[in-house]
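For reference, chains read A, B and C in written order, and residue numbers begin at 1 within each chain.
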Amino acid sequence: MSDLQNSPSTAGQVTDEAPVAATAAANAPSAAATTGRTLLPQSTLLRHLVLLLLGAVAAVVILEITDPFTNSQLATLSFYAIAAGGLTVLTGMNGQISLGHGALMAVGAYTTALLLQEPDGALPLPLILLISVVMATVVGALVGVAAARLHGPYLAGATLALAVGLPGLAIYFHDFLGGEQGLRVRAPRAPESFESFIGLVSGANATSTKWLAYVGAICLLITYFLLANLVRSRIGRTWRAIRDQDVAAELAGINLGAWRVLAFVVSAAAAGLAGSVLALVVRLAAPSGFTLVLSLSLLTAIVIGGLGSLLGALLGSALLVFLPPWVTDRGIDFGLNNTEAAQLAPFVYGVVLIVAMIFAPGGFVGTVRLRWMTQKAKRAAAARAAAGSSGG
Amino acid sequence: MQQFVNVTLTGLTQGLIYAAFALALVLIWRSTRIVNFAQGSMAAATTFIALALIQAGYSYWLALVVSLASGFVLGAIIERVIIRPVEGGNELNAVIVALGLFVALQALIAIIFGSSFQSFPAPFGLEGFQIGGNRVAFTPNSLYIFGAVVVTMLLLVALFRFTRVGLAMRASAFSQEVSRLLGVKVGGMLTLGWGLAAVVGSLSGLLIAGGGFVYPAYMDSLIVFGFVAAIIGGLDSPIGAIVGGLILGLALSYISGYAPRGSALVTISALVILMVVLLVRPGGLFSSTTARRA
Amino acid sequence: MAEAHGATAVSATTGGGTATGTRLLEVEGLTSAYGPVRALDGVSLSAEAGRITAVLGANGAGKTTLLRTISGLVRPVAGRVLLDGADITKAPVEAMVAKGMAHVPEGRGVIAELTVDENLRVGALFRGKVAKSEYDRIYDLFPRIAERRNNHAHTLSGGERQMLVIGRALLAKPRILLLDEPSLGLAPRIVAQIFGLLRQLVDSEGLSVLLVEQNARSALSVADVGVVLNLGRVVVTDSASALMGDEDLRHAYLGF
């Protein structure tokens, strides 16, 4: 539903927790107000700004204390999490499903790849990222207009067709988009200021892997900051109203279609940015990178994390990055060969989706939150009982 | 002219396979209001069972029977164990469960049977018939596809129209509560419905595999085509699914045959057709309800 | 009043046969809840064989929940349901009709996508093969639906739908018929016709009826016994004529 309740201690733990919790700080604030007791400022925007800053510090610390391989894994985490964050807005908060976000990521990735074909005359990186976002947003708006009239299985089927069909365009426009092989991406070099910044912070080597991990982290923090504010705004409340009570919302004069399109557009923008970061990190934009499995993985991430929670989307994305190597290793331990073991991860995703929907539709965050609230209620009841007995 | 005839024949043959797959989706949608996105993976699983038997030296026909039978069992078990808990609940949850099943089954197939492309035999010749000195794109195997799909559909019509079980299945599909009050064992009927749908889905998987290659994801595009065909037909109507399958088969065949490098456009064309149908006639061509509650 | 009705008539239409006046269906302390809301709160009543028992009360009194709990669609929190002395509280919904209880749900309960004839045949499915004469007898009772036997049920008028569902329930040869708001949305003339037919079936063939109605005036005019329900509890149980005569009660609970 909403974000994990943020107790004051969460922000302090950020640095010792896994990378997951680090960026969680950027998103956690939205529910803080409900706890009533918090060290963070009362104003939503201010609170989010503080957490953005904490998240940035945490990101620097984590990226500097981990090895290059983990750096690249974290870069992967950042684009999954950006896309999953957008999908959370769509599916979790507005109740629309999309299996087509992999295709929207492809739009962002190909845009970035095309803009970087001439590395010398290339536009500045922020502008490239922005143009990629705009392109995906335009495509997302087109899909969104059609999707706004659909729901549930119809929407799932239509976006499924998008996920399977759109990469085909890359093959059709072979000369322009590189066909099956795709387009190689020449990632721009890190600016000198970055090298001096790293030199100042840790004295480590400012490799291009590290630079791209930072680009991913910055994009992630900005995306989650914007999404968290959006979710707490009137817009976010309207989305939830539509999800929970569409008939009542319509009677209250809310134009359901327009709001659904807006949700699609926002999530498409996030997918575009994710695709752009993906292209930079993977250094390739090819149809094989945007299969149906990518779209379904994103769905898995937000379902496991807990539909509608940005923190959940982040945790789910972390699972997408760190689970497959672990599962594959276990598979090899059990005597599977490499190609067989590589299939264990999607198998686990699928099983987790089924089990989560049957036994814990609230996902990880929803389930934890429910526990937490139940215990809180129990404590409150116990306190009342104690007060009652001492008073009487 | 000859090309037109060939493209049309190819389209009709492909369309019948789409129709069968769409029919499987419609049967499940009617009874449980779930779009079975796992249908493709289920059909792939049973096709690989058939392939394993064929590779072990058994005949195509034995493999066909075993494959269809295992499809029935698979469909029935899936309904009982996985689908039953989410039936009648939040439709998003049901969609996600079906998708989870889709991914898990496909991965399981890859783990058990491997991910590589394997050729799948066709039971009849793949060389076109000779008509008036010209060889047309209609092969003995196409004839087999026609026969298999038409016979299956006639059997289903007979089951639903003329048997007591068929009547009970239809009643359960349309109104679960009333049917239960009338003593119909609705749960059993839903299980049976999933089993039968899986048989039809398996058949389409076998037919499309014949004379081509199979790999764990080989049904992915058929899910899209089957879904589009079912939507064209209104998702509720078996007749609509068949007509939708034929329309889609023909349309995609013309695009593939006449547009320059058209074969790369087939899937995206299906998407365009789907969008046009959903925008112009959201209920499909055969639906009794006119609008979908958005 | 009961003695006047044919006591042990066994007929082709109903599965009646329990002596008139004995308790056929008994409900003891039935409590049903939707979440924290108790729709039924310790309801006890009985429906006697060969009689029409009317359960009356305002919207939200728990009438529909009562029928749904009796037939197993809603599982009670507490209490028992006995049919001819046997505890059927936990029996599956699908088994009720074979035990002799036919429940016609609120809102007609026709299967709109099936034809009239198919609707009737679904009602007889659980009995296996059923002779054509039994269908003919239902069509004789309701000539209006006989004319439309091959039409889809969604083309029927409200009155025809009610005739169809009652006919379909009779085809199950029930000992007791549970009717939920049969008069809802029907013209008074049609209501009178349907209630008249019910009375006739009860008197001549030993059918028993548990009738839930908001339209208390019509229901009491046909029933033998009335049970008034308010906010999930039984307020009063008495003969229909006594209830008709109690002006205060009528004003307080029955709205006429």
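As a working rule, a residue touches a chain if its C-beta (ideal position, glycine included) is under 8 Å from a C-beta of that chain, and two chains touch if they have at least 3 such contacts.
Note that the coordinates shown come from a computational prediction; the quantities given were computed from them, not determined experimentally.
Looking at the partners of chain B and chain C together, they share no chain. Ranked by C-beta contact pairs, the top interface belongs to chains A-B.
Relative to the C-alpha centre of chain A, the farthest chain centre belongs to C.
In whole angstrom, the spacing between the mean C-alpha positions of chain B and chain C is 44. Separating the centre of chain A from that of chain B, both taken as means of CA atoms, is a distance of 34 Å.
The distance from the centre of chain A to the centre of chain C, each centre being the mean of the chain's C-alpha atoms, comes to 56 Å. Residue positions of chain A with contacts to 2 or more other chains are absent.
Within the complex formed with chain C, the chain B residues making contact are 164, 167-168, 170-171, 174-175, 177-186, 288.
Interface residues of chain A, counted against chain B in their complex, comprise 91, 95, 97, 99, 146, 148-154, 156-158, 160-162, 164-166, 168-169, 171-172, 246, 256-257, 260, 292-293, 296, 299-300, 303, 336, 339-340, 343-347, 349-354, 357-358, 361. Interface residues of chain B, counted against chain A in their complex, comprise 29, 34-35, 37, 82, 85-86, 90-97, 99-108, 110-111, 114-115, 216, 220-221, 223-224, 227-228, 231, 235, 261, 264-271, 274-275, 278-279, 282, 292-294. Only residues 71, 73, 93-98, 102-105, 109-114, 118, 121-123, 125-126, 168, 172 of chain C touch chain B when the two sit together in their complex.
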